[in-house]
Amino acid sequence: MTPALIVPDQSAWTMWGHEPAQLGLALAESPERARQLVVPDPVPAALAEAVRDAWSRMPAPRSYVAWPRAMDGVPAGELLGEEAGHGEEHGGDGEHGGDGEHGGDEEHGGHDMMAIVGDPSADGLVMEPIDFELGPLATGLPGGLVLGLSLDGDVVGRCAPRATLAMSLGPIAGGAYGDPLAPVAWTTAIAKALEHAGERAPSEATTRLRIAAVEAERALSHMCWLRGFGYVLGWAQLSEQAHDGVVALMAPRLRLQEAAARLEPAGPDRDGLLAQVAAAAGAVERVRRLLDGSRRLRARTRGRAEIPAERIAATAVGGPVARAAGLPRDARAADPAYSALDFTAATLEAGDAEARTLLRAAEAVSALELVRTALAQEGSPDAGRSNAPAEAVVEGPRGPVRAWHEGGRLRVGAPGQAELLELAGEAVLGLEVGRALAGLASFDLSGWAVSA
Amino acid sequence: MSAASPFAIVALALVGAMAVALLEQVVAGARPSPAGVARAALGTLRQPLAVPQVKDAWLYHGAPVLLLLGGVLALATVPWTPGFRGLDFSTGAILYSACLAYVTPAVLMAGWGAGRPLQVVGGFRFVALMLAYEMPIVMAVTAVAAPAESLRPAAIVEIQHAVPMALVQPLAFALFVPAVMAVAFIPPFDLPQAPGELGGGAFSAYTGVHAGIVSLAQKVLVLGAAGMTAALFLGGWHGPLLPDALWMALKTAAVAAAMLAAGRRLPRAELPWLLGAAWKYAVPAAILAIVWAGFVSLAVYQ
Amino acid sequence: MSGLGTALVFWPTAAIMLVTGLYVFRTSSMARAGLLLLASLGVEGLIFLALASEFLGVLQLLMMSGEMVIMVFFMVMFMADPGGLMGMDMTHDKRRSAAAAVGVAVALALLALLTDWPAATLSGEAPDVRAIGFEVMGRSMFTFLFAGMTILFAIVGGIMLAAQGGRLGIAAPGDDGVAVPPPGRAGQHVPPPGGEEGHAMHGAEPAR
């Protein structure tokens, strides 16, 4: 397995249909350990500088692989073309600002004792904080996410996450809309909004197919997240088992995605698809059993990065973060098509990292249950019109996705994602940096944001 | 210690490091491939020494050397067979701890020398933890030395000809093994590197020969830890039927495999938790272990 | 060890000790100063080993690494320029300290040369371990007990005092301290009044 630096991150490529591990690429912990650089071609503008820095830090022999992907940015060849160049050594993808740690050091005289003044930190000593930015290609963080960190020693004094990758909200080649990490949810929301506007109702078969595709994407997204979370926690067993789930889910999810896009039934080999889903369900169930009641998980996540339910209730944050704090915010609960499949929304009370992890694992299992039920019932194509819900909302892996018409134009958005970044930054204040990064990872943040 | 011993120790270090690498592969579920290990090692060594804008070049370059030196010297104190005892000092067990103690300045130098925030944090984490496991190691060693009435590791092995020390002093055993794992900074104690948190941490700035030396040093530390555990607690070369060297090799391999497997199944220990557990529980338990050792020495071994 | 062997270890080691000790004050980097001191005092362990004090030698090696690393830790925490990038002068009060150093050196040298040290050739099973053991458990037991208890109380008391209010004033689970609002920018370097020369160094210069 070649250690590789994967831009923007491993989960993104998995959701896009290419699993790096199946191509012999393993995650490198830093650019100095990487032999290969995997970039999308073209490279998003927000990542260009970080990619160049990472490339300059990679030791020879090095090579890069550019996988074509429809997005805006700088062509990879133009960015990395100079092969054995002496790239700039400043900063780096991991921590922008090697200058950051000298935040207060500029312009001093040759006096031998310098005073540090300022407010004392909480242990009564006046200390100089370490300010730097972590990301957008830091291992352990979602690709594209930049953390503005201020460390008081090794304790987080300030954490401001921001998502730097811009989603394209128009149709692009390949039919990709919106969030590259949850394409099915977005396209489904758009389709629902268009049908709603055109006062057409989809057939039952179409609705069930869409549900199956959305749920398969949810399961894959949660498994990818669990794999990354295991890496952040340093828990190889979790990463491995989640990886098995990911690999098992890739084929059925792709088939469902294509079938839903074509608005066709799943095709002649429905039994094959069901068998794949069953195998994937087995792998996902294994992960859930590893996590349920696990003392190892509890030791690392209970009580960490806790957000009280009242704080979430004041925002529009939905998705697993809200549900793990006890707020029953689930767009699927209002959808009669889901109720027809015996869907019940699950919530947990604690609102900490453990609750979020367990909730996502449980949701992945129930998502595959829904897929199986939806596919099994599909025997009646075009069984007449079903009731379309009042508005086009789809529950994506990270939260609801809404599509609506405004001023004659179709608008799509994921309400609450920006507020989620703020909440996540607040939740990790005062934690030691390892705990903080693990707590941050438990929010399943996305480095992609709707551009203004 | 004969004139050939230094070469033997170095050869043992290299062969043993390869064995540890193969064990890592086995524990990870992959097929052990010596060619793959050799290829990866050569690939690392062939990389050019890209020295980034390190903040302190002396420390940056000195850290891998100190780490390897500490590891090899620690390996040299392990008694393998009655005929090959390495550095057979009469205070060998304490010398083992002393050599391990130089891992801390080496990690600090690596982190500080490289100079970026996460690397410095990685280095200083190890400093904070150092005392936390140095004391359990030294006290556990004292506990097994008491019944043997000697700090010479070979003498401690000799006294286990009937019963391994792990059965007589389970508390000392339970304290020693995680502590030496932590000194070798292998998962679940890989806090200075913390891939996924610190992105490689204290050692992330090393490429080429430096990275190769750090990797080799870590494997030598694991080998020494497994060997010393086998010698002090599992009876060393004692055992029926098979020759001494084979018993020692089997026991060392078993301990190393167990350490590596534990690393895969456990999430990384958190710094605040580990500090708390070490000071609040491990050190008092180590004192208890010494008291128990005294009792055992008087009651059983007289 | 034979006389020649002892001499072969003693003299070069003593030279290394002196040189590294001197460089502690020539460097302005805190980390380097601490680690050079570690080199100096750690190498002293070899002298003990050469003089057949195995236990003391090994203890010296063991203890010095821990102590010096902790010293580096505190120096980095409290000093304003731990990396030494500003070229801080590590010596203070030069005349008086030089006089005191010379005076003490002369006194110790006279002590070493004029004392009638008992000489003996030791061999065999490190008798010093037994001798030290009996000494600690016999005559010196009260001293060591008292010192140990004092150190323990100091450690525990210091931690108790420091641990109020969590690590950033935000009480973590298990703390019983008072929560203090986290500071904004905690510490800023401010040049002392009078005397400001030099220019920004963006970390490009390695420590001297």
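The first chain written gets the first letter, and so on, giving A, B and C; residue counts start at 1 in each chain.
Keep in mind that, in the parts below, a contact is a pair of C-beta atoms (placed from the backbone, for glycine too) under 8 Å apart; a residue touches a chain by one contact, two chains touch by 3 or more.
Since this is a predicted model, take the numbers as computed values, not measurements.
S.K.: Which one of the chains is closest to the middle, using the mean of its C-alpha atoms?
M.R.: The most central chain here turns out to be B.
S.K.: Compute the centre of every chain as the mean of its C-alpha atoms, then state which one is farthest from the centre of subunit B.
M.R.: A
S.K.: Based only on mean CA positions, could you tell me how far subunit A sits from subunit B in angstrom?
M.R.: The mean C-alpha positions of subunit A and subunit B differ by 38 Å.
S.K.: For subunit B versus subunit C, what separation do you get between their C-alpha means, in angstrom?
M.R.: Centre-to-centre distance between subunit B and subunit C: 25 Å.
S.K.: Subunit A to subunit C: how many Å between their CA centres?
M.R.: 48
S.K.: Please output the residue numbers of subunit A that touch at least 2 other chains, ranges allowed.
M.R.: Subunit A, residues with two or more chain partners: 98, 101, 432.
S.K.: Would you pick out the residues of subunit B that each touch at least 2 other chains?
M.R.: 53, 115, 124, 272
S.K.: For subunit C, what residues touch not just one other chain but two or more?
M.R.: Each of 85, 172, 203 in subunit C touches at least two other chains.
S.K.: Using the touch definition up top, name the residues of subunit C that touch subunit B in the complex.
M.R.: The touching residues are 29, 31-32, 35, 38, 45, 54-55, 58-59, 61-62, 65-66, 68-70, 72-73, 83, 85, 125-126, 129, 172, 203-204, 206-207.
S.K.: Residue numbers of subunit B touching subunit A in their complex, please.
M.R.: Contacts found on subunit B: 28-29, 43, 46-48, 50, 52-53, 115-118, 120-121, 124-125, 187-188, 190-191, 193-200, 204-208, 211, 263-268, 270-273.
S.K.: Please output the residues of subunit A touching subunit B within their complex, sorted ascending.
M.R.: That would be residues 27, 29-30, 32-33, 35, 57, 59-61, 89-90, 92, 94-95, 98, 100-101, 130, 132, 134, 138-140, 151, 154, 230-238, 240, 296-297, 299-300, 432-435, 437-438 of subunit A.
S.K.: Along subunit B, where are the residues that touch subunit C in the complex?
M.R.: 53-59, 89-91, 94-95, 97-99, 101-102, 104-105, 108-109, 112, 115, 124, 127, 130-131, 134, 138, 151, 272
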